[in-house]
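Structures given as structure tokens follow.
Common to both upcoming complexes is chain A, partnered first by chain B, then by chain C.
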Partner chain A sequence: MVRLFRNRPYLLYLTRKAFWYLVAFVAAVALNFFLPRLIPGNPVSVIVGQMSAGAVESATLERLYATFMRDFGLDRPLPVQFWTYLTGVLQGDLGTSFMLYPAKVWDVIRQALPWTVALQVPAILVGWILGNVLGALAAYKGGAFDRVAFTGSLMLSSIPYFCLAIIFMYLFAVHWPLFPASGGYSSGYFPEWSWGFFLDALHHYALPFLTLVLVAIGGQAIGMREMAIYELNTDYVNYARKLGVRDRRVVRYVFRNAMLPQITGLAISFGTLIGGALVTEAVFSYPGLGSLLFTAIRQVDYPMIQGITLIITLTVLLANFLVDIAYGFIDPRIRAGQAGGR
Partner chain B sequence: MPNVVEVEGLEAYYRTPAGDDLKAVDGVSLAVREGEVLGIAGESGCGKTTLAQVLGLTVRKPLYIRSGKVLLEGRNALALDRETMRREVRGKTISAVPQGAMNSLNPTLRVRNLVIDVLRDHHPRIRRREAVERARERLDLLGLPPRVLDAYPHQLSGGMKQRVIMVVSTLLDPVLLIVDEPTSALDVTSQKVAIKLLVDLLARRIIRSIVFITHELPLLRHVADRIAIMYAGRVVEVGAMEDVVFRPRHPYAAGLVGSVLVPEPGMKERTVTGIPGRPPDMRRPPVGCRFAPRCPRRFDRCDRDPPPFVVDGRKAWCWLHRDAPHGGRP
Partner chain C sequence: MEIIRILLRSKRFVLGFGILAAVLAFALLGPRFLTDVAPFQRVGGLYDAPSRDTPLGTDNFGRDVFTQLMFGTRTSLHIGLVAGFVATLIGVTIGTLAGYVSGMVEEALMGFTNVLITIPPIVVLILLSVAVDARTATTMGVIIGVTAWPWTARAVRAQTSSLRTREHVDIARISGVGSLEMMLVEILPYMFSYIFMAFILQLTGAILAEATLSMLGLGPFQTVSLGTMLHWSLMWESVRIGAWWAFVPATVFLSITTFSLILMNAGMDEIFNPTLRHTR
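For the complex of A and B:
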């Protein structure tokens, strides 16, 4: 074991990281199980309540209640339930949804996931890139450009997602009905690979996408601007200029170094992917994971909540792990520090 | 001998964010001759770093030159365009070892790549391998380990960083090297090594002249040929090193010399005296001699009129020497 890592500090660094990510994953899996169960309300009561909209005999209701409790395994002690959940997760079985009984949780998630990924990943990337370019330009140009860009970014980043979403919906879906106000596609269409559907989906995509991009631009631009201003005034920049190094190259030094913390920002953005999407998707009734989680929490659907939070956990951990790997390549100081050598 | 850089009647100001102007260098005329080490000494805030920026032709906002001439090898340096300045002057005619050498290397750039960037931006056709080879030879010549080329700055000690910067700064064999407080963050051993390296660079004729800025007068005794003493934005005395250190004319220069401990024979009998008081507020400098409020030899006239400029082989801006021959305004 020791021999394996000798002269391979980077491998040691990655192995250590991987170990800690595993620990974090185990802890998260446990929390995923217990946290939903702290939500007040009994899921079976909710379901039985919905079924008994017409007056049904109380004995029938009680039988129904007992059947569901047994089917969902909720009558068994918590440790047993936890064990069932753990073995299920390890076998890739996320269980059966309560609210959409008898649909499997994974099948429901599988249908919602592409919508969220297609909405969030491009929005985060576009927002991140545009935000960094804007922040860097603001820092480099200064003056009026900086003041406008900075104030604008500050405003955008401090507006909550749902607020901007509602403003956009009012302006561009109600006041000027340019875009549809809700849904992922029109009711006449059915998800399929066709131009008609694609264009219709794109039409529905515009407003939620714009909301997410704008908020992301604001936050990233502010961070990048601060970093770039700091880097532009460092001694190494002045020294490089005194040596007659071209401006273009000096700017490249600055932005490379200013980008380092921004990469962590990107990972965190991916981490908050569904968190941010939840509200935006809910406002626009977008058929993604956010809307699904929102409904699941209202219906106290334990397996569904667990399934979705598990996906979120995995995304966060994976994004952070990838950033850790990337950091090792980009920043020699981190590599040295983490490997415990020079 | 010709002058490398020369300033005449220089007035340099800093523009504060509030829009006020702060005079940092006031009516200074000074020449750096080829082949000499010119020391510039003075307290913090006396304008020595500002003067160094002008001499090094690295003036940039918020600093600006309001009036005066700046000559580079006899030609008007202020008329040079940006690109010529970058390619022909910076690093090549005038180079610098900056104040705060600890942070002067880009933390994510290997020394090797800085060397490549510096050489390629002056000789576009040079190959990466040639550039590195040139740096390796230079390091070897100066007794530094060539392996520093592969290091990142955080892998070098403070003293080594300083020496590496001195080598990188002189890769293009500049005529003049401006060193600003090169030893302020170093321990005495590293200070000595750094000074030795500077002397070595001169001896090997890699560089021809040095402007050495410091607040440590004793250091200048070992390296400087001439010394200029600055006070409140003005050069108050200029002369050969021995004259300024051992026979200072200006009371401020005398005060500076008297405020340092020098371990040498006769030291025990001398008392170390500081200079009481503080430098004046540069927004409202005294009308007469700027040193008058702190001067032990002040008389009435000092408060009223700016002191004259005395030439008798030496220059000191002080009323005490008004009877010297050839007196006059600068």
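For the complex of A and C:
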């Protein structure tokens, strides 16, 4: 093992990262499994009981009860239940939905997931890039520009996503109806590869996208400004300046050094921003995971909620891992083997 | 009270504190002086426009939005404070332990913390909230607090590790001070400004977490919070109807509360972290 990693610091870094992500994955699956079992009593009868408050026939109820008892495997010992759950998850079996019975949870999630990914990933990336540029400029220029940019970023980043979403929706979809107020596409269309559908989907995409980008810009700009100011005060910058190195060049060094922690910041933002972003989807009734989650919670569709939380975790872990891989390429210290993983 | 004099030097801190004080006064004194109806009392119909009796109109249940806003802000701050306290307590305990006691204990504690940081907090929040029936404001605060501490733990550990190498700690160690006393007397007091800033950030995050959970329909039962106000206004389509009074007040209050806290934090950062100041 040791020989394998000798002179291959990047491989060592990757293996370490992969190990920690594996641990996090198992922990997440375990949380997904154990937390629902904190519900006192038999969760299946609690849930079916809640459903029977509505007008559901008793024969249907019994069939539901049998299905969910089998899915949950409640009559067996806990470790066996966990094993059943784990093997099910690995095979893509997330159980059966309550509200859309007899649809499988994974089949429903599979239709919503692309919408969420197509909305969130570009929004986070664009917000991240613009925010970093703004933060670096604020730190470099200082003075009035910095004050305006910094206070503006503080303001933007303190507006919760969904608050901005609600305000935008009211202003640009209701008061001045420039954009559609809800959904991912108009009712006349159905998802297909055509120009008409694409343009219509883009029209629906604009407002949620803009909301997510604006808030992300604020948060990233604050972080970048802080890092860049710190770098601007370091000895190497002072030295370079005293040597008469041109400003443009100094800024390039500063930007590259301040960038590194910001890349870690990108990984973090996938995890921390997802909550607000999901609610934003719900506000716009965007056909992604957020709206699905909103409905699932209202309908107490436990398997669906559990499936969505699991998929969100997996997606975020995957995104983090990808960022970490990129980080390993970019950070020269990792290539040189001076700094390892965590 | 040297510390207060120093803090007052930052305009950002003073502005943030001023806004927060105004919000607090509105939430705590408002119910006594500014309204004479109960938060759940029906005073009108579905989305009545603002009038002399109801300065911010009524919500979907015909309740006074102005009154709801006071009680809602109070609940949101209550949840935020409980969560901030719980998260800071756990985070500081684990962080100080991990930073002071090195070796296996540190590895284990930080490994645990880092794994929890990787899992998106909203996921744990949703699962916990669904599992806990009959959520009061305090239970919600605890739920949010127990999911939010890893960041504080990580930051406090870094601080503790650097404090541990200071001379006064060495001297205390030579004098035979025990580990517990060492952490409480020689390490913790030197991190107070830092811990307070971490608390402010936790408070901000918790207020937003409450709003997020409530918007999704996992809010506190039988009480009104800023998040539940938004939840109902969303469920009853106030935005599409154009009943701005049903959603603008809660939106604005959430934003200015978090803005004031972030502003306070930025002000303190400037004072306690001289490296963040511009030299030019």
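Criterion: the second predicted complex is superposed on the first by the 270 of 342 C-alpha atoms of A that agree within 3 Å, B and C clash if a C-alpha of one lies under 4 Å from a C-alpha of the other, contacts with A are read in each partner's own complex, and residues count from 1 in each chain.
Please note the rule applied: contacts are C-beta pairs under 8 Å (C-beta built on N, C-alpha and C of every residue); 3 or more make two chains touch, one makes a residue touch a chain.
Just so we're clear, the structure is a prediction, and the values are computed from it rather than from any experiment.
**Student:** Is A:Arg249 touching anything from chain B or chain C once the two structures are fitted on A? First, second, both or neither.
**Tutor:** first
**Student:** Based on the superposed arrangement, let me know which partner A:Ser158 touches: chain B (first), chain C (second), both, or neither?
**Tutor:** The second partner, chain C, only.
**Student:** Identify the partner contact of A:Arg147: answer first if only chain B is touched, second if only chain C is, both if each is, neither if none is.
**Tutor:** Touch status of A:Arg147: no partner.
**Student:** Tell me the contact category for A:Ala24 with respect to chain B and chain C: first, second, both or neither.
**Tutor:** second
**Student:** Contacts for A:Phe294 in the overlay, against chain B (first) and chain C (second): which applies, first, second, both or neither?
**Tutor:** second
**Student:** Between chain B and chain C, which one contacts more residues of chain A in the superposed model?
**Tutor:** Counting residues of chain A touched by each partner, the higher count goes to C.
**Student:** Please work out whether A:Arg110 is in contact with chain B alone, chain C alone, both, or neither, and reply first, second, both or neither.
**Tutor:** neither
**Student:** Applying the touch criterion given at the start, work out whether A:Tyr236 contacts chain B, chain C, both or neither, answering first, second, both or neither.
**Tutor:** A:Tyr236 sits against chain B, while chain C stays out of touch.
**Student:** Check chain A for residues that touch chain B in one structure and chain C in the other, and list them.
**Tutor:** Residues 342, which sit in both footprints.
**Student:** Can you check the complex and tell me which residues of chain A touch chain C?
**Tutor:** My answer: residues 20-21, 23-24, 27-28, 31-32, 35-40, 142, 146, 150, 154-155, 157-160, 162-163, 166-167, 169-170, 174-175, 181-182, 222, 226, 229-230, 232-233, 270-272, 274-276, 278-279, 282-283, 293-294, 297-298, 302, 305-306, 309, 312-313, 316-317, 320, 342.
**Student:** Which residues, counting only chain C, touch chain A once they are in their complex?
**Tutor:** 110-111, 114-128, 130-133, 204, 208-209, 211-212, 215-218, 230, 234, 239-240, 242, 244, 247-248, 251, 254-255, 258-259, 261-263, 266, 269, 275-280
**Student:** In the complex formed with chain B, which residues of chain A make contact?
**Tutor:** On the chain A side, the touching residues are 234-236, 238-247, 249, 253, 256-257, 260, 330-333, 336, 342.
**Student:** For a test of understanding, state which residues of chain B touch chain A in their complex under the given definition.
**Tutor:** These residues of chain B touch chain A: 56, 58, 86-87, 89-92, 95-96, 98, 100, 102-110, 114, 117-118, 121-122, 152, 154-155, 165, 168-169.
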